[in-house]
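Here's a structure for you.
Chain nomenclature is as follows: A, B, C and D, assigned in order of appearance, with residue numbering initiated at 1 for each chain independently.
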Amino acid sequence: MKTETVAMILAGGQGSRLGKLTKQIAKPAVPFGGNYRIIDFAISNCANSGIKNVGVVTQYQPLVLNSHVGNGSSWGLNRHNGGATILQPYSSVDGEKFFKGTAHAIYQNIDYIDQKDPEYVVVLSGDHIYKMDYEKMLEYHKRKDANLTVGVMPVPWEDTSRFGVMNTDKTDRIIEFQEKPEHAKSNLASMGIYIFNWARLKQYLVDNQSKNRQMEDFGHHVIPAYLRNSEAVYAYQFEGYWKDVGTIESLWSANMEFLDPDHELNIRDRDWRVYSRNPNTTPQFLTASARVTDSMITDGCYIAGEVTHSILSHNVKVGKNSVIKDSFVMPNAVIGENVTIDKAIIGEGAHIYDGAEVVGIEEDIAVVGYGEEVGGYSDEK
Amino acid sequence: MKTETVAMILAGGQGSRLGKLTKQIAKPAVPFGGNYRIIDFAISNCANSGIKNVGVVTQYQPLVLNSHVGNGSSWGLNRHNGGATILQPYSSVDGEKFFKGTAHAIYQNIDYIDQKDPEYVVVLSGDHIYKMDYEKMLEYHKRKDANLTVGVMPVPWEDTSRFGVMNTDKTDRIIEFQEKPEHAKSNLASMGIYIFNWARLKQYLVDNQSKNRQMEDFGHHVIPAYLRNSEAVYAYQFEGYWKDVGTIESLWSANMEFLDPDHELNIRDRDWRVYSRNPNTTPQFLTASARVTDSMITDGCYIAGEVTHSILSHNVKVGKNSVIKDSFVMPNAVIGENVTIDKAIIGEGAHIYDGAEVVGIEEDIAVVGYGEEVGGYSDEK
Amino acid sequence: MRSKIVPILNLLEDYEKLKPLTDRRPVASLPFACRYRLIDFPFSSLYNAESESAALFISGSGHSLYDHIRSGSTWGLDSSAGGGVFTHSQLEKKSATGTDSKHGKFYYDDYYKYVTRSRAEYVAIMGSSLLSNINLNSLLHFHEDKDGEVTIVYKKIRRDDLIADSKLSALQIDNEDSSKVEGVNHISDLNGDEHIYLNMETMLLNKKTFLDFLFKAKNEDLSVNVANFISFTIEEGCTVYGYEYTGYLKAIEDIKSYYDANMDMLDEDNFNALFYRADPVRTRAKNSAPTYYGSTAVIENAQFANDCEVYGTVKHSIVFRKVNIAEGAHIENSIIMQDSSIEEGAVLKNVILDKHVYVKNGARLEGTPENPLVIAKNSVVYSNGEIEEG
Amino acid sequence: MRSKIVPILNLLEDYEKLKPLTDRRPVASLPFACRYRLIDFPFSSLYNAESESAALFISGSGHSLYDHIRSGSTWGLDSSAGGGVFTHSQLEKKSATGTDSKHGKFYYDDYYKYVTRSRAEYVAIMGSSLLSNINLNSLLHFHEDKDGEVTIVYKKIRRDDLIADSKLSALQIDNEDSSKVEGVNHISDLNGDEHIYLNMETMLLNKKTFLDFLFKAKNEDLSVNVANFISFTIEEGCTVYGYEYTGYLKAIEDIKSYYDANMDMLDEDNFNALFYRADPVRTRAKNSAPTYYGSTAVIENAQFANDCEVYGTVKHSIVFRKVNIAEGAHIENSIIMQDSSIEEGAVLKNVILDKHVYVKNGARLEGTPENPLVIAKNSVVYSNGEIEEG
């Protein structure tokens, strides 16, 4: 069976701005939205776009990511010769292969891509929350007869200095690329989403490596090289919701936005589902003393307290007279009685003991790490 | 669910004595016996011994091995919280983790083992052909109250200098270990099969690494350290067929032995099956001109020639008037008409054109590499 | 460790009194507790004992059961390498032989073939209508310890915990040795306030005992089923031990007992007894979003599965997946199965909605705890109370 | 690319003339060509077109079919994330409604629900008894190109390639435009030596056309099946195009045509036409060892699956998995299904052995090419020729 498209999801980064949340696990594996991990959005986009071969490139603390992604069966990818493949460093007769940058990670995995023999390679980040139909972007790429299409979106002009900015002509062809410019000529920011014609990209990566020219990073090396050589590089504009959850505050606010039943991310849309590995657990149990409003609750939760405008992931326990507000609680957290949690992120398996308080403010969200314990020891089991 | 035992299969080696057969793939992934790859024996032993968690430690050209092993479903391992996990190098906050030796490979994957929280760790090689019930060895290990049990087998005295040799007392306790001794005191050779109490092994690995003491190799460092400290180290004697297929000649003769319907490896034993990933292919087609005797043929083969005392793996084509004798042909090889193959190993996807000859002798088996072409170009498709 | 048990699931269970819930499904695939089906419980027992295979004896087409089980991979019963789910349909046999096989009669040959090809030493026989969570490893230890030929699981209950015309049976326990079984009584012969030792129709046998029995039953053309198997083995002179089960149990024999079993789960002790033990209950995973509770939702002692949207009032009820409950709807003491929709102002009390029922604006449905109202699958309930069956 | 096709497999196929092979299995699960079942062919068409779901309409219990299909993962029909195999058993409906549904009648509601929830634009309808390997993508391109409402697949054959009392139908093709279909004839009305356009009962429809039809059929209580669907749509004024299939085809309507189809595979042209094309045929993977041919084996133009041991003579025959053929046994023009054993000196000519048949030392079994001898599943054939059915 011919493979038209292979997606390569770059999931290697540590994401150090997420602090203790990415100490033992890679950023794309951080829990999100009650039932998900961050990378679920990119992989689900692939599945919904009809892309069946997905390479997940990773080298930082891969255990959780590996067992989460597996062969991709949770996303229906393990069909029709497709599947997810975790791509880690390895050694060969040429030596050891760690990844030094985004383009270098693709270079080191040329064998994997060549095995699938695709026409196009879609390069994605594993740490963005959005829904996007890559098939439409691919149609655009074909229509434009492009060699590279870059996904872009308009950002407020005052934010352009934080992004790679694309200047386009009237046909949407990219004529200039400014990396984090002081004075941007456009407000179209790169989303880190690329569609390459594989044969051409491979040529760039192999030729330049063999000539010892730096070709490690897409933004710094590959795109400039393409533009220098007047390759057909086009910008594809994306209009929907898109969020980089690279900081504690953005992770928190993305969860709060996700919670809104009218939010455009619309998690209940049956035509564009976000898939994940589903744990095996019990129904959610709201006792007579529970009071749950404007909240998302996941299977396995046991709630005897009050939950308002919050997301509780699976198997969270909330004791009597506890109040959880404006917060995101990761799986398997145990919250005792008389606890107050407000504007906080509670890590997986954390234990908040009776009477404890975890309270943040919008500009400084409180964070409890994975398995962390807060508060004194009570006599509860 | 409590995990009693985790098996760690060391599949990292290149196996350079197999020459061109291990240039692009790791030795444990080399095809064997028509329907198998070498590592299938070790993984099937685990499955048949009731071990459900198998870590396959690899770092050399892992693509083929990865897609072959997958999540272990071909061996029924992906049940009851079990599964096969491919363990490759990765980076962490402590830096990059390549594997420097057998024990170091376990050290680098402590996180994986701790996640399963086993009582015992069984350490195996991925490149031996044998059937062994590790459950019986584990019962022995428990009965002896051992901290380490080493699988051993008697070898001819003249061969002892090629092995690690174990001297035991009357209770089978190992009192001395000689690595490739000139003058062996015993003919019990280590098979590279170890059962460790995990807590103790971990202590050795972590303590010594933190003290910068070398603890890289089981034979060179760990076993001597155990013996120095008078740990309870026992030898478990294995009596059956066991073969290291580390050279071209041993790979060939192991296949020839495997072919014998009365061989003790007995591939048709329904109580101890050797599992593998089964390809999807057609029935085997023996035409009116075929003559097949004393041979193993696999699904997908098309045979119009003569095959004697040989193993043909799946999808091998043999043209008219060709003769294949005393040979092992790997999957997808195409053999034209009037070809003579004798005492040879034909690599996966090799193409032997009309009239060509590939003839070896018992001491120097002829080898055709993967995808290699032999003979002139004919007009066949 | 390799599993020592080769399990047989006897699903030729009586479903007449559970209609209309069993119109299109066997008892084994009855939905239970927001996300399960009854078969999940014996299957999870197999999973927790690391069994690799199961033989299912099914009456009728088993269609809904097959759809739930699929490859059996949820419970480690995948067949890619040994093991697997082997199904035997009574119906198939019937049409093949042209004779009307007796309901519940063993198919000796299928049993024989299945059991002999396993390396396991013991045969386990289980059903699905006696809702419980049995630890087969404990049963196995008990059986090996007692060293008898048969161990049958029982629970000490009161006669009137069962329905009046129960078809179940009770064990006679030896006065001297409370683990020895001396005989079997029909429940219908027993008084209402007696304590009885309910035969849970779950047992462990030595493989040889079982094969001997099959041989005899076939040769003598006996009609033995799970219910009278124990009396048969005692008559044959086997030593039969009783293993006491102390966990949650409910015999699901009619609509009311089915309803009560669900309502029981809203009691924390029962819920924990059945679910929060070392042996988790597994069901087929489905992709789902968390359930959203709106700002107008009022919930009191209720259980939900994922994928619901709740804006109304739900009290003392069990709600399955993908149920929408509008603002102003009021649900009490009810079971709402998946894909149902309850519009504004609708009132439901003591009701069982089967799958995919649509309750329109302001409709009222009311049963009693003794006689819950069942609305069949795919029905539409109109505002005026009219019900259109789907 | 996402699949544009939502497929329906109509497996309510006639099996009377295929007995005893169809005693315990539907036509769709008939074993074929050493390692396949007939359902593998339409399923592989779906796989090759990257379909993610299939609706199966089955009569009887479908037990053997479920056991073969399992989760459907072999053909990319796994349901863990969207898609999946949806089965609809006619039998279930019958017992639910108490009425005897007409054989082959569409279940409009099940169809409706299944088709509407798919995002695909076209409905494909296929069966399993017209053995072929159809490329659905080519059919799709043709259909999109013609821009009609229905495209039906046909093959140009001679009337007498079919059995005398065939229940199949032929298309009337427009004289001007050979791709336009004007009507349908019963095969039984046609002469023996005519070339006909066999209606292969495989078609592609626009989703809207199909849903319109369902609506009408339900409202007017029509009894439409696959065979008369095309005449119906033509009467309704739809534009129906014919897509010519040029690959291997065999209509399996009785034992002889089933036998011939298997024997056809021993002809390389037929074998290559059905198997060695861009669209491989997939079946459920089973762990197996290579087949061993002993030094006394004499094989001439025969096909085998893995896992056999062959010491005897096998000519012009089809041998399934796990068959043992002893030295001195002689097999010619026969089909030997899996798990059979043929002892020394046994002679088989023009025979079909169903699964797990044991042919003892020196037994002789002989049919004719016109009337092959069928030995039922699990039989034992004794040396004196006596047959004990299993």
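As a working rule, a contact is a pair of C-beta atoms (placed from the backbone, for glycine too) under 8 Å apart; a residue touches a chain by one contact, two chains touch by 3 or more.
Source: prediction; values computed, not measured.
In this structure, the chain pairs B-D and B-C differ in their number of contacting C-beta pairs, and the larger number is found at B-D.
With centres computed as the average of Cα coordinates, no chain lies farther from chain D than A.
Put simply, the C-alpha centre of chain A and that of chain B have 38 angstrom between them.
Note: centroid distance chain C to chain D, computed from Cα atoms, is 37 Å. Each chain gets one centre point, the mean of its Cα atoms, and the points for chain B and chain C are 45 Å apart. Residue positions of chain B touching 2 or more other chains, listed in rising order: 74, 273, 275. Across the assembly, chain C contributes 73, 80-82, 285, 287 as residues in contact with two or more other chains.
Listed in rising order, the residues of chain A touching chain B in the complex are 14, 23, 58-63, 66-67, 70-71, 85-86, 88-93, 96, 98, 111-112, 115. On the chain C side of its complex with chain B, the touching residues are 1-3, 47-48, 50, 52, 73, 76-78, 80-83, 117, 119.
On the chain D side of its complex with chain B, the touching residues are 33-35, 74, 268, 271, 275-276, 280-283, 285-297, 299-307, 309, 318.
Of all residues in chain B, those touching chain C in their complex are 1, 4, 47-50, 52, 73-76, 78-80, 135, 270-271, 273, 275. Those residues of chain B whose C-beta lies close enough to touch chain D in the complex are 33-35, 74, 261, 267-268, 273-276, 278, 280-288, 290-299, 311-313.
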